[in-house]
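Lettered A, B and C in written order, each chain numbered from 1.
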Amino acid sequence: MEKASHLSVIVDLSPTQWHLSAQADNQYPLSIQTFLSQLLAFLNTHIASQHENTLAVFGALPGKSVMLYSSTDVVADDAIAPDANSYPPFKAVDSTVVQNMMYEFDAFQKSDHEPPCDLVGALTKALCYINRITHPSTTANSAAEDPSILPDPRILILSVSPDLSPSYIPIMNSIFSAQKLKVTIDICKIYGPDTVFLQQAAHLTNGSYIYLERRDALLQYLIMSFLSPPAIRKVLAVPKQDKVDFRAACFCHKNIVDIGFVCSVCLSIFCQPVPVCSTCRTKFPIKTLQRLNASRPSLNPVNSRNSLPLANLNNASPRPTPTRNLNGVS
Amino acid sequence: MPSVQSLQPGDISTSQNSPHVLLPFLQSQPQNTLTRLYQRPSSCLSIFRLLGPLERQLIMNLLWLESAIPTNTMAAWVVPEGKKLYNDALTVMTGLHIIQNPTVKLALNSTFRSSLRQAITGGGNTGSFGVPADKDDKRQPNAIELLDAYALERWETILHYMVSSGQGQLPTKPSSGVLYLLQRSELMKANHGATLQITSSGFQFLLHSPHDQLWDLLLQYLHMAEERQMDLVEVLSFLFMLSTMELGREYSTDSLSQTQKVLLEDLRDYGLIWQKKSSSKRFSPTRLATTLTSLSPSLPTSNSRTGSGTNAVGVAASSAQQGFIVLETNYRVYAYTDNPLQTAVLNLFITMKYRFPNLVVGMLTRESVRKALANGISAEQIISYLSTHAHPQMRKNNPLLPVTVQDQIRLWELERNRLKSAEGYLYKDFASQADYMYVLEYAKQLDVVLWENGAKRCFFGSLEGHANVRGFIERRTGGG
Amino acid sequence: MPPRQRDSIFIEVDSDSDVSILGDGDDDYTRSKGKGKGKATDKRKKDKGKAKAKEQAYTWEASYTRSWDTVQEDEAGSLQGAVEDWMARGRRRRLLAPAAAIRRTIIRHLILLLDLSASMMDRDMRPTRFDLSLQYAREFITEWFDQNPLGQIGVVGMRAGIGERIGEMSGNPQDVLKAIADRHRLEPVGEPSLQNAIEMARSSMSHLPTHSSREILVIFGSLTTCDPGNIHDTLDICVKNKIRISVVALAAEMKICRELCDKTGGQFGVAMNEGHFKDILFESVPPPAQRAVARTTGAGTANPAADLMMMGFPTRLPDTSPPSLCVCHSEMKSEGFLCPRCMAKVCDVPTDCDICGLMIVSSPHLARSYHHLFPVKPYQAVISLEDTPDPETSCHACARIFPTTATTTATTEGMSPLGRYQCVDCHHDFCTDCDVFVHDVIHCCPGCGK
């Protein structure tokens, strides 16, 4: 039989986005309740696949991130009443995830200004957790871990929020650590516009980025694309994203830019020519500034994603763009 | 440690190809037996786990579909290089009647589908995951250490009995049910009516991993159950139920059928189940039972137990995976163990030199290996035993075992195979060279020539080809 | 005699490079070993000149580093103290590191100068100097590109008295590795010529823009050089062109080599054994901090070495898209990158767009170096829990449960007896492993995201 696999699921729990997603004017409205039941079925499927499979669930909430469940930190035995009709581990996952999620939702204060979801926190926590289980340290008494059967780690991000440009650098740093840990990051974009950073994350870690077109078929999407460990993906193909947007966020205004101005000393990106690098305080020659200001593409407003020409003018036949609305439904 | 990591995937992929031992048995069962088995969610879940990873993914892909999908649609997901694996997977699933008529459309067996769905989502009232016993206030349920110790003791009694039977010692006998099963499965044979002697398949059995050994025995048990007119579905679903139970929890016997209660007693003898006394209304599965469908070590090795009696279970489980054997290029074997069973197993193919409280030193010699070969153990089995139980210190080596020793063990095996016998016919006394050549040519076309000698005008053909060659010669002599 | 400051170099070896993840499991082991080697070699070095042969009869003995000498057991015979000691050392080092952003030259150009003279066939390093150099050069190139994704490497060989171009300047590690893949094409022969080779390297870097660094790294096994002219003239030109020369000598120190390095601001080292060879070679991997010289020349005014560059971030087309002609090779292919300005399709990045001249880089290439710029603030060791009313029960990152009581009595500076380390910004507690992991690998605090 084969190696066990570890799956860390990061759930984006932005109340605003889920509220928008459940609106009836969407083509396929998806409420958080339906989502949750399908997610739990998916989690159970992962555990069902192999006795040794491990699972961790992280929630990205507005302004904070929490671990909702992990299979290595078992909850107290009596918390879950045994039941003849369900497999005990499934029951443990379901009840723990729901319980913790409800607790977090209750603790969440309603305010006019909702801070953005802490996806970075959840992602880094997932990486720390994976680091912990794949490199069991000698100091901690990690008895459950068996050094000879290290699980194959993966991260699945279920995202509903749009890109958060201030988190560009932390997200990129997380991606590189994932590469080093040989973690595959899969992205399922459930709601909202495509996110540039997560596309890059999937591309760089050899995962797949899937934009959910039929949101009523979430579970089928999850199972067909994200359940299989990398070994199986070599036999049963998994859809990859069709194109990757390599844009970056500038350091000065946190805009997402496709043409930027880069400091040659520290490689900081700026959306407009600046006289002094804000990161390393290098002064740039006046001549360069003048030259760049002159050649600066005026017709390309730097901060608008929407006006980016997507058609490949050089291609004789334009790429068939999928029917979905790239700008999202919001 | 990169060497180890690069080694493991290879090992995994090779072992991946061999399906679980139970699957052929299930495939040989009639369809309605399987359908009845699929009615229980726990059975579906366990069978699902026994399947290979590709099969599992395919089942999951189909599980939530309401209607059958065209075969082509599913095949479109398969990459060209994976076609063969994919077709193999489909064959396995069709054999188990999980998938029906895969030529046109793919759909899961409806019973299987609904049961597996139920297993994953929970609910229903089949009670197939075992009815937990009511909390007993007077007594705490058994600690996991105790269950482990119990399972280990039972299991090692069986193995130790087997291994020492060859040496004329008589350790504690396992129960008569176990003895019968061992005899029945031809792992042991009654010698001169009285004492049981281990057979060559018994020797091979000893070198398997505990997980394989367990399934070997259970498979024999299933065959026996068939003969004893036990209901196979009940036996199987009970086993599967055990495998989904939780270690350290007590279950009630009330909901069990008569057959299953009989089963309970047998499994207690093997160490899969713990019961306070045979009349008790409650039982707890041991680690042997709960890991039936997993690949984690099913037995806490006695190494850890002897190391320090107070070791936690987790430690025991993890050290089970660690080996204890160091093999050097000079054929010396150092085994850090004080377990009589492990020593006895090693003794099968090693000449023992010294014994210390926690260390056994021996040599792999021509004589010792030939003795093992004569017992029916193959060179590959010796090598795989040594590599699976290699000491963590050894695992830093790449290759794991010294190549010289590996080769020598194989050469010793080849020594025994210098003569190969084949039944057949010798054709000789041909009238002319032309006749000889003509017949030989014909026989070669049939690919039945085992040996030929042109100078003596004779050749040796295999048994199967004889009728044809003979006919050919007769026709020729008759015609010419 | 080799330079005296070797010891300090050893401590700094991995100060900037990322800790390799593979060996992380027994990280403490490898690091203390590395440290041990430093001490051991230091000792050995003292009498290296006169009594090298006495101390080390055979080269193979060197592979048995006496790592156990450096590990001290405490009274109870436990190694815990020794292990903690190195961890504390690592923590202190991080605390000492300047918190301000460091200026580094990140767009690097390096010429690897390989000695291919007959002296490389010496067997004092196993299997030969030549084979070992090739092997290390390969590892070096991989690691170098990992840390300097926008850099370029060219390879020049010194053989039979001339400089020989082996690999053109390239930003693709595969190209460079291919250039030195064929061992037979590089068979060492004849005498080396430092001057010829350096001239060749210099000329191939002369066209480079001012904001990039120009470096030459010489792996030198010979004790002679046969030059057509005055090598000091070459040296002067290199100084003028701001080319930084580093030399790794395999035999002994030569005056000219030392001078090349000193005058151009490079590093010089003599390899004492295989491990040390690799260590000094890999010192050139992290981007060098920009030299004070460069900064003072433009004091007050704009820095001539720095410049603002316009770069485009492309869109990658998948291999399922309809094929079209690429502008660089005029070949029909499906996959490629679209220039964001003129929408031309190029095959690979980083490159300059052939149509509009825009420099196209993929943003991950740039982002790889950002952790140098924004390091995570060091966490503070929690010494006692007395003044925290409601301490966290588990690590904020990996959810490992903290021990409730102090595990060690011997408190080294910078170590928490409770195994807790606190972020100064978000005041969350982290365990020892996560502390190391966050600072060495993720470069991003899980609590505050920065």
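Assume contacts are C-beta pairs under 8 Å (C-beta built on N, C-alpha and C of every residue); 3 or more make two chains touch, one makes a residue touch a chain.
Predicted, not measured: the structure shown is a model, and the values here were computed from it.
**Student:** By CA centroid distance, what chain is farthest from chain B?
**Tutor:** Farthest from chain B by mean C-alpha position: C.
**Student:** If you tally contacting C-beta pairs for every chain pair, which pair wins?
**Tutor:** A-C
**Student:** With centres defined from CA atoms, tell me which chain sits nearest the overall protein centre.
**Tutor:** Of all chains shown, the one whose C-alpha centre lies nearest the global C-alpha mean is A.
**Student:** I'd like the Å distance between the centres of chain B and chain C, where a centre is the mean of that chain's Cα atoms.
**Tutor:** Distance between chain centres, rounded to whole Å: 50 Å.
**Student:** Suppose each chain is reduced to the average of its Cα coordinates; what separation in Å results between chain A and chain C?
**Tutor:** A distance of 31 Å separates the two centres.
**Student:** Report the inter-centroid distance (CA atoms only) between chain A and chain B in whole Å.
**Tutor:** Chain centres of chain A and chain B, defined by C-alpha means, are spaced 42 Å apart.
**Student:** Two or more other chains touching the same residue: where does that happen in chain A?
**Tutor:** 147
**Student:** If I count partner chains per residue in chain C, which residues reach a count of at least 2?
**Tutor:** Residues 25.
**Student:** Where in chain B do residues touch two or more other chains at once?
**Tutor:** None at all.
**Student:** Help me check something: in the complex, which residues belonging to chain C touch chain A?
**Tutor:** Listed in rising order, the residues of chain C that touch chain A are 18, 20-21, 24-26, 28, 101-107, 150, 211-212, 290, 298, 301-318, 320-322, 324-325, 327, 337-338, 340-345, 349, 358, 362-364, 366-374, 394-401, 419, 431-434, 437-438, 441-447, 449-450.
**Student:** Could you list, by residue number, the parts of chain B that touch chain A in their complex?
**Tutor:** On the chain B side, the touching residues are 8-9, 12, 15-16, 20, 41-42, 45, 48-49, 52-54, 56-58, 60-61, 63-65, 77-79, 81-82, 85-86, 119-132, 244-246, 249, 255, 291, 293-296, 312-315, 317-318, 321-322.
**Student:** In their shared complex, at which residues does chain A touch chain B?
**Tutor:** Within the complex, chain A touches chain B at residues 1-4, 41, 44-45, 48-52, 82-88, 90-91, 94, 143-149, 219-220, 223-224, 227-229, 231-232, 234-237.
**Student:** Of all residues in chain A, which touch chain C in the complex?
**Tutor:** Of all residues in chain A, those touching chain C are 65, 67, 70, 73, 118, 120-121, 124-125, 127-129, 131-132, 135-140, 147, 167-170, 172-177, 180-182, 200, 203-204, 240-248, 257-270, 273-274, 277, 279-280, 282-286, 288-289, 292, 295, 297, 300, 308-309, 311-317, 319.
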